[in-house]
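What follows are several structures.
In the two complexes below, chain A is the common chain; its partner is chain B in one and chain C in the other.
Then we have the complex of A and B:
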């Protein structure tokens, strides 16, 4: 069994971001982290590997040279191999571009399962897994909360869809995107970290995977509109405060 | 831009509110481009649902087949692709939800169209349309465009578009499509966890509890208030990590992004992880004993007081307010 897991290095949520003067690009503090949901994907792949014999986990990242860091985390957590598909710099990419490049790699590498996180916290698309399933013409299950391998070439995946829990039986190869709660990602062991530090990570040029031209463009960036200053509701008693709040919600905000 | 197709979502035999939002976006695009607006209703036993939509599209394409009883996104995407080809559609719109997302992504891949996901609005500027989309947890808003005549699939974030009055006199068209059921994926069972409660991402009212709620038992009053208001209870990350509440109620960066009309944070400190998930709410109310809690910097109204004194009073007042309307 061969499992691929897609991991992404994203701008850390605490990193400072500002707009360049023309608003067409961003300045940001060089602080990156492993996408939160991808930890669950790596963990799930490693857990499957630990349960069955003859299983290999390969972590793949599409990103800048610096993205090697998240691949090392994947190795430290128990992935066997890692490959970086190198882009020039960190930037938000067109969703079908990303999915096509990853699909091309997966096809070349060969696999039985692809496990990825349910969305990246920078572009917030949450579409890569489903698109890869579509491009590779294999089944896809999203928002997976439980994943089991069932005998030869089959998996059972439980997925949360708008408040319903749906149990699917899937013939492999297939793509799964996992959400928080599927497992508790491990803290890498010291030997894992040592292994990751020593590991040589092969780098592939994006161009070797015949990337498509992006059909969508980012025209400009803005900051969201600022919310008005808070009104702290004063009152002699709690009763008065609550009554005032209800009046404001009704007459000023007009929401009840 | 040519004709437009909206993938309609339904639940409990009626159209989900998110789909009315998308249909109103479809109407705006249709008016601008003088094109036709189609709505696609797919499933099993969905004929009655189609009649709900007569005022919201020119044509309501209804695909009602036994094979579509189970939700398998591959099968739904296949049906949509057949409709797209038959009616020469050039844009497909839908909601960025648990149903819409997998179906529309699979469709975009099948057709090899461009995709823009989780959009919160758009602006028509001459011949160009700029689509609005938040990045980095809403810290940045981007404006995206699609090249030239590229056909595209677009998904919109629930509750980010206004629903308008429907003024169409639409025609229901019954479509017979031979379903090539994907045998590689099969639904074994499906279980509704929340009963008939509204989805948290669709809720107009959310009352969210944080660490300040002190214990899981204290969430009962939040449940009661949510029920009075026909809304949902939300939870901060620390509360979910402490296993007081389930993950599907988690609001924030690593949980759900919500945009209710009223959000009330109770004992929620308002760390950036959390506020990223609520800043598109219409009115934010914060109740916290700590006047320096960061939640007050994003709230519209704040009460600095003891939660356990305020909440019973709030419950009574909201009940009264609800009875008056």
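Then we have the complex of A and C:
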């Protein structure tokens, strides 16, 4: 069995970001991390590998050279191989572009399962897994919180949708996007860390996978509007405070 | 000149940082408050394999270079000084002489289990009347048949009350001073070997520190750790620089923990209608702390680079230990000022950092001793 897992390097949530003058691109501090949801995907792939014999986990990332870091994390957690599909730019890529490239790679590499995180924390699109399933014309199950291999070429996946659960029997090959709660990602052991440190990660040029032209492009970024300052209403009693509040809502905010 | 970490070292830093953030940081306050050895965390952490950090891969270690060792010491201390102290004791001082001189059967009994976290190791230098002044060691060892008899009491022993084995510094004759000192292995359960008073410390809590008593303890010849008698101090010299740099790296880790918390506080805490980070006097504190921490980091990692490349690191290691620890004391102090009265409450972390920083003053040489050594080395014999 061969499991592919897609991992994405995203800007760390604490990295400082500012807009460039053209407002279409960003200046950012070089602080990156592995997409939170992809940790669950790696862990799930590795757990399946540990349960069945003859199973290989391959982690793939579409990103800049720096993205090798997240692939090393996948190796440290237990993936057997990693491949970087290199693109020069770090920016939010059109999900259909990403999905096309990853599908082309998956087709070339061969696989029985693809496991990915349900969404990336930077663009929050959450469609790459589904698009890959579509492009490859294979089943896709999203929001997976339990995943089991059942006999030859079958898997059972449980999805969580609006607080209820849906059970799928899926014929492999298939794509699964997993969400928080499916497992507890492991802390890499020294053996894994050493393997990851030494591993030479193959790099593929994105051009070798016939990337399509992006269907969307970023017109501009903007900051959310600044929230008005909080006004604390003073008053000796709750009644007095409420009276003042009503006056302000009526006369200043003009909402009542 | 190249100040960059290699890609491997960078990856190691990121991984150990994330490990510390997940496993240790959330338990640091509890470790300090309970002041008990955190057995569960110890077992969980040991499973990852870091306790073999500096030993060869062939015996189950990681064969980390000196830069990686410093990264490890810094990061784990950023999580909890108390836990770090116990871990580092197993990794470095508690096992070094056994790795270096122990027979295969001793290694099977002590070193390999310690690398797996199944046994707790320690080293015994200090006595009630001797610390930096090793020549004043009074624990006595005498030849007895095909073994050695040890008598004395050691104090301030990290992991002492819970250790499974210890490396003991003892003298064959106090009048020989430094030339009389030798190391011996004593294992738990050896008749006459016991634990005495447990010390209640201001900081570095969670590490159990105390007294070890050697009352007519007999150990076989195999337990003499050395090639020839009287070379104990020379053997100490083999790891002294690493111990000093390690303490400097620990100071950096603790300073960072305090600094990062202070920074978050300065950005969020509002006074006089604006975040206090907008006030120039608070900015000045960060400017000074940042500059000092950068300088300390350069010194510690330069020392590690010297060691890794087989160069003389004696003066730089002493300077790094002294400077980084003083920087750490300055940073934890400034952070308590940034926190204001909240820093005085046990509910917030700065008081813990403030207490823990004091601990780093003593190990690896007091600063008075280090300054004297550095000064002597610079001026030379007159």
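In this section, the second predicted complex is superposed on the first by the 231 of 256 C-alpha atoms of A that agree within 3 Å, B and C clash if a C-alpha of one lies under 4 Å from a C-alpha of the other, contacts with A are read in each partner's own complex, and residues count from 1 in each chain.
Just so it is clear, contacts are C-beta pairs under 8 Å (C-beta built on N, C-alpha and C of every residue); 3 or more make two chains touch, one makes a residue touch a chain.
Quick caveat, the model's predicted, so the values are computed rather than measured.
Look at A:202: by the touch rule set out above, it reaches neither chain B nor chain C. After overlaying the two complexes on the shared chain, residue contacts for A:223 are found with chain B alone; chain C is out of touch. Of the two partner chains placed by the overlay, neither chain B nor chain C lies in contact with A:153.
Among chain B and chain C, the chain that touches a larger number of residues in chain A is B. When the shared chain is aligned, chain C comes close enough to touch A:194, but chain B does not.
In the superposed pair of complexes, A:72 makes contact with chain C only, with no contact to chain B. Overlap of the chain B and chain C interfaces on chain A: none, as no residue is touched by both.
Across the interface of their complex, chain C is touched by residues 68-69, 72-73, 76, 187-191, 193-194, 196-198 of chain A.
The touching residues of chain B, counted against chain A in their complex, run 11, 71-74, 77, 96-99, 101-102, 105-110, 114-118, 130, 133-147, 150, 152, 182-194, 197, 199-200, 247-248, 250, 253-255, 261-262, 272-273, 276, 279, 282-286, 291, 296-306, 309-310, 313-314, 317-318, 321-322, 325.
For chain A in complex with chain B, the touching residues are 11, 13-14, 17, 19, 26, 36-37, 92, 94-96, 99, 121-127, 130-131, 133-135, 138-143, 156, 160-171, 174, 179-181, 215-224, 227-228, 230-233, 238-239, 241-243, 245-246, 248-250, 253, 255-256. Taken together, the chain C residues at the contact with chain A in this complex read 7-8, 10-12, 14-15, 18-19, 22-23, 47-50, 52-53, 57, 62.
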